[in-house]
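When the chains are written out, they are named A, B, C and D in that same order, and each has its own residue count from 1.
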Amino acid sequence: MILLQWTLTPELLYQAGTGILLFLLVVAAIFSVVQKDLLMAIVGTSLVSLILSVLFLLLHAPDVALTEAAIGVALTTAIFLIALRKTGRYEE
Amino acid sequence: MDITGIPFFLAVSFGGAFLAYLMNFAHRFLRNAVVLLTVSASAALLFWLGDETFSMEMGGFVLTLGKTPYSLFFAGIVALLAVPTVLFSFTYMAKEERPAMYYLNLLITIAAMYGILFSLDLLSLFIFWEIMTWSSFLLTIHKGGNATKAGVKYFLYSAAGAYAILFSVVILYNMSGSLLIEDVARSFVLQNPLMQLMLAGTLLFGFSVKAGLMPMHGWAPDAYAESPAPFTALFSGALSKMGIFGMGMVLYQIFLQSPFSLPVRELLAWAGGITSALATLRAIQQTDAKRLLAYSSVAQLGYIVMGLALGTPLSMMAALFITLLHGVFKAMLFFAVGAVYFRTGLTDLNELRGLIRRMPVSFLTVLMAIISLANIPPLGGFVGKWLLYESLIQSDHYFLVIVAFFSSTASFLYVYRLIFSIFLGQEEKEFEHVKEVPFLTMQLPMLALAAVTFITGIFPGIVLAPISSALTYLGFPIQHDMWSMSMLFNEWGNRMNLLAMISVIGTVFLTGFTILYFYRMRRTRYVTTKDIHTSGEVPTENENLTYAINFYQPFERAAHPVLSKSIRAWIDWIGRSVSELGDFLRHIYTGDGQTYAWYVVLFLTFMLAAGSWIL
Amino acid sequence: MKKLLAAFLLGFIGYYLYTAFAGVPFGENKMEVGKDYLETTVPKTGAVNTVTSIVVNYRGFDTLGEVTVLFLAATGLGAILFGMKGKPEDKHREPSSILTTGAKALFPIIVLLGAYIFIHGHLTPGGGFQGGTIIATGVLILILGIKSFHANHALLSVMESLAGITFVVAGILGLAFGKNFLENILPLGTPGQVLSAGIIPIIYIAVGFKVGAELAGVLDTLMSTTRGEE
Amino acid sequence: MPELFPLSPVHYVAAPLLAAFLLPLVAKLSRSFIKILPGLTFLYVLYVSAVLYPQALQAPIIEQIAGWAPPLGINLYYGPMAGLFASLFSALGFIVWLYSLTQMKQEPLDRFYILLMMLVAGATGMVLTGDIFNLFVFMEITAISAYSLTAFLREDDKAEAGFKYILIGSLASAFVLLGIAILYSYTGTLNLADLALNMDKVPLSVRVIVFGLFLVGFGIEAEIFPLNGWAPDAYSAAPAPVSALFAGITVKAALYALARVTILLFPFAGSMALISILGLVTLVISELAALHQKNLFRMLAYSSMGQVGLAIAALGLFTAEGVYAALFAMINHAIVKGMLFLTVFAMAGGSATLDGLNGMGRKKPILSLLFTLGAFAIIGLPPFSGFWSKLSVLTAMGQTGNYAMIAIVLATTIVEAAYFLRATGRLYLSEGNPAEGKTPLSAIAALAVLAAGILWIGFFPGSIDETLTAGAQDLLDTAKYTEGVLKD
């Protein structure tokens, strides 16, 4: 059995984690595109940024991860939310 | 600067234009003096013009200017008409707006015409051609209102022609590496015949637009009718002749050796014939004096093209002779109509009448002009038309003779309508206060030109001498015995051989009058207005009894089948289609951001797909 | 239908982008410039953090450009929203006292963190952009947590101007010292210390101030304006 | 001073940047500084041009930012072509500033001038830089200034136009960035000259994809059909001085970028022919679309796209004559279209329709004359500048034997003449709105400078011959470019 040959190495964990995150990234992105409730869409984009930020960290790019976290997760979301408050919550 | 050089000549012509514009801010008289001085100076300088050519480099192209006998003849026509035109403008334009612009553009137009004529290469010809076009466009729209529409139409037709010319010029330049007409001609014969046909075709097309040859005449009636009258004289008399100049140049300096030369010229001759016939019929229909004259111009240019295209020495002589004469008598007619408009504010033939005693000099001018136009000896028009008939018969174009004769005869109808409607008939009370126009600025130009028609009729040699040197330049075998070509001339060639003709014509007319006189004498009696009774009542004095409305109704009914189909409508249709296409294309830009984003994505997809497909 | 087409087109473009990226020789030691950077950063620039040395030194001109982009975005936003009235009083619920207190307490810490990140930009991950953004989030918390909070626009504007001028002047000083624009004119110092790496920390601090001030300004502008017709 | 601050190309960017950062500060001292400072900046940049451009004609000036030799650092390449564009942009910037002094009244003026300066500086940076990522950064600077300026008048439709511009513009940025990323991951370098030498590392199929991305990205900014949907809205929404700059500067910078990138990185016959064809299509469609336009600014916008299409068609020939002609067409268009936008704005205000021109010939004779001059020049009537540029385009096409292209260009010129003369004719219609106000002297002066340019080039086309020839050679001689940049 091929499965049995696998052992739980840090390498494998890293690979698996990256894979799961990538999958979640795509899911979150699609979620935020198709969502009619804009508030949820914003949460989706925020999620995308968050996952990206973690991915960057995993890829040994702490500078980029930090940027993504600060700008993508916090600031962009805040600005979107403010914009949403001034307009309407739902897409026509 | 050498005052016999062409640079000086053009500097005077163009410089005068700008000086006149500036002088307008000083004083009216100063400006008029500058204007008059400019045109007369350039007319005078023509006599002293030296032979040396002048070259300069501009934008990487070598422009060459110089005179040729051929261009000198046309320059003479321009000068001959330019001086009376500005003279006539002084009073005529005094009450119009923006005189500075008018004189600026008028002088630029005149200078540009000289520039065209003295261009030895195609590019400078094109440059001056376009300068002439835009300045005359600005003159045409000078009145505003309807004139704007006419002007834009004129410009678009001209632009189509001009760009056809430019198309050929660029290709010819690429082929021969030079813009000089001689060099172009030399390398032209080396091209394959179809290329030759295309290039000559576009060039001829371009020039024929300015000449108003059908089917590209659509701009002419409107533009002539709407532009200020003194300019119209120059417009029809000299400016449209630039097209003739260009066609002659193309046909005999560049295209002559081509195997297609003969068929193309035959075709042009027919186009000329058809133009003259159809335009004459149209002229008869017109109720506006200027439009009538406009169609008459188109018709006359048809004759010229006919003669030009036949390409026998005699026909060329005829063509160039008519070119001059048409310029002169058409200028007289436009001046006279302008004079009437100046005093009455009218050009509508249905409203004008009975001005003969009020404006006798104008009447005389019109009379002289239409005698010339209708080819009645002894005025100049006769000589040209006679030569044309003779050349048509000599070269076996009998059918064209019939066409030409038909339209010449039919032109009697419209000239009669013109002179009758304006000057004859009952005098009207509303024209009671109409005076003759001032002598110096308005009568003098008319009378001077009238004198020209007379002199050229009696002494055609004055005109034929420059024509023969022009034709020699173009390569026509004209020896000193040129006079023997036509039976019209005496053995020295400087006078018309009048005796025989006058006796024949005189005999016919005298006999006719005598018979009529004796036949009708008993029943003839003189009547006044008071002698006419309608329904038993004596009409009051201001009641109109002569009518010019529906002057040629029976004729119009007869000619309807021919005239109902208008080529102009087809060209208008093309214009409309382009415009509708534009309107459709405008809707590509929906104003919707999402659509634009779609375009971008589609385009990228297309590019990627195409790119990988090519790989 | 439209959605299907869109999906198709995007898939199409995506496929091509995938093929383009799929051929990238990752992992191979081919990145000449990158190799150079890795090998020469510390001796040449004195910065321990290679990323920072690239961002601020090798490609400092890009960074100046990016700072300008942000500056322009803020300026443009200010221009477009200029003169729009704020709502008379917020109809929304008042922030709870916990939120208010928490915001007040957190703010200094967040600012400190931000400052730390941009001051140590040449030593540890992060730098002016990140630090500035973090400070701006601190301001955001204040805006959310304190009802009557308004940023002092004049102060922010002066701060960002001064910071921007510092950056450009640091560049011009290079020219003035007969070197190139943005070239280091200060001693490199010992790598790893705070005062090292020449002008990198100076520029990064300026960037930090600038980004923080700008983003705070943007947030405040957005919060306090609304469309006139509402 | 020269010893302290030796002039170098970076001043083109640094000076406006410094001024832009200073402006909010000096605005607090005195309001009048807001108007003066940008003018001084443009003057200074013009002075830089006056000093540096003659040097660049002798030998290109290559400046290394931060002292790193090109593959490592960013360099500026100030050759004859970049110099030509940089000088043109600075001059236009100055003229537009002069015009805005009195014609631009919309607050906040400090922000307006900051954005204006950065629009010019960004575009200048685009033509100066020798690094493809730096090019992207400057493109962003230009674009963001342009977005904000489009919506500057703050009316609903203007904001919408600005939004459309942002939407499409961000697509452009995204595509260009993707292209850069792909190139970098294959070659490991961002320097244009270095990239040109390393392009063999990129597989051909990938090169095609990257070219497609760049074509779309730069094509959006360069208003190539069908990527130019944003343009009519943006041109008509932006304040006229800004529209003049759009036509004169942003498009030209993007076109320069496209040309430079194509010739350095994708010198295939196919890519060049494609650019030429796209230019022709743009020309034809834009000119036809302009025919029915009632809104004057939209009409000018379509005409602008058409003119750029003409330049692109000539550029796509990639012969010395073709590039020469394209440069000529671009310079001519920058001057003439700039003048037309400014004249129309001075005559009939910001939302001018064709009817707005009625009767202006009598009320505002000088402006009418200028409009007529501009219309004639754009149609290409001699003896104005447009004639020579159009002629050079035609002869360049003739030289490559593309007679059909000549015919198409000439046919569209007729269409162009139709709508421009219709507008010109409006000036001389008698009826019209009452004229209000006199045009201030500074605005007239700005227009007069442009008009003088039109006449000067019209009468002395030889005077810019050397400039254009050098520029064309500079663009086409890729070997010289790469050697020059990478020599040390």
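Everything that follows uses one rule, which is that a contact is a pair of C-beta atoms (placed from the backbone, for glycine too) under 8 Å apart; a residue touches a chain by one contact, two chains touch by 3 or more.
This is a predicted model, so every value here is computed, not measured.
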Contact-pair count is greater, between B-D and A-C, for B-D
Taking each chain's centre as the average of its Cα atoms, which chain lies closest to the overall Cα centroid? D
Between chain A and chain C, the Cα-mean centres are separated in Å by 21
Averaging C-alpha coordinates per chain, one finds the centres of chain B and chain D separated by a number of Å equal to 44
Whole-Å distance, C-alpha centre of chain A to that of chain D, is 40
Distance between chain centroids, defined by C-alpha means - chain A, chain B (Å): 79
Residues of chain D touching 2+ other chains? 205, 209, 212
Send over the residues of chain A in touch with two or more other chains. none
In chain B, what residues contact two or more other chains? 601-602, 604, 608, 612
Chain D to chain C touching residues, read off their complex: 4-6, 8, 10, 14, 17-18, 20-25, 28, 63-68, 71-74, 107-108, 111-112, 114-115, 118, 125, 133-134, 137-138, 140-141, 144-145, 147-149, 151-152, 154, 159, 162, 178, 182, 185-186, 188-190, 201, 203, 205-206, 209-210, 212
As the complex stands, chain B meets chain C at residues 601-602, 604-605, 608-609, 612
Along chain D, where are the residues that touch chain B in the complex? 160, 163-164, 167-168, 171, 175, 204-205, 208-209, 211-213, 215-216, 220, 226-227, 229-230, 232-233, 270, 285, 288-293, 361-362, 365, 372, 376, 379, 381-383, 387-388, 391-392, 394-395, 397-399, 401, 403, 406-407, 410-411, 413-415, 417-418, 421-422, 425-426, 428-430, 461-462, 465
Chain D partner, complex, touching residues on chain B are 57-61, 97-98, 123, 126-128, 130-131, 133-134, 137-138, 141-142, 144-145, 147-149, 151-152, 155-156, 159-160, 163-164, 166-167, 170-171, 173-174, 578-579, 581-583, 585-586, 588-591, 593, 595-597, 599-604, 607-608, 611-612, 614-615
Over in the complex, which chain C residues touch chain B? Could you list them? 6, 9-10, 12-13, 16
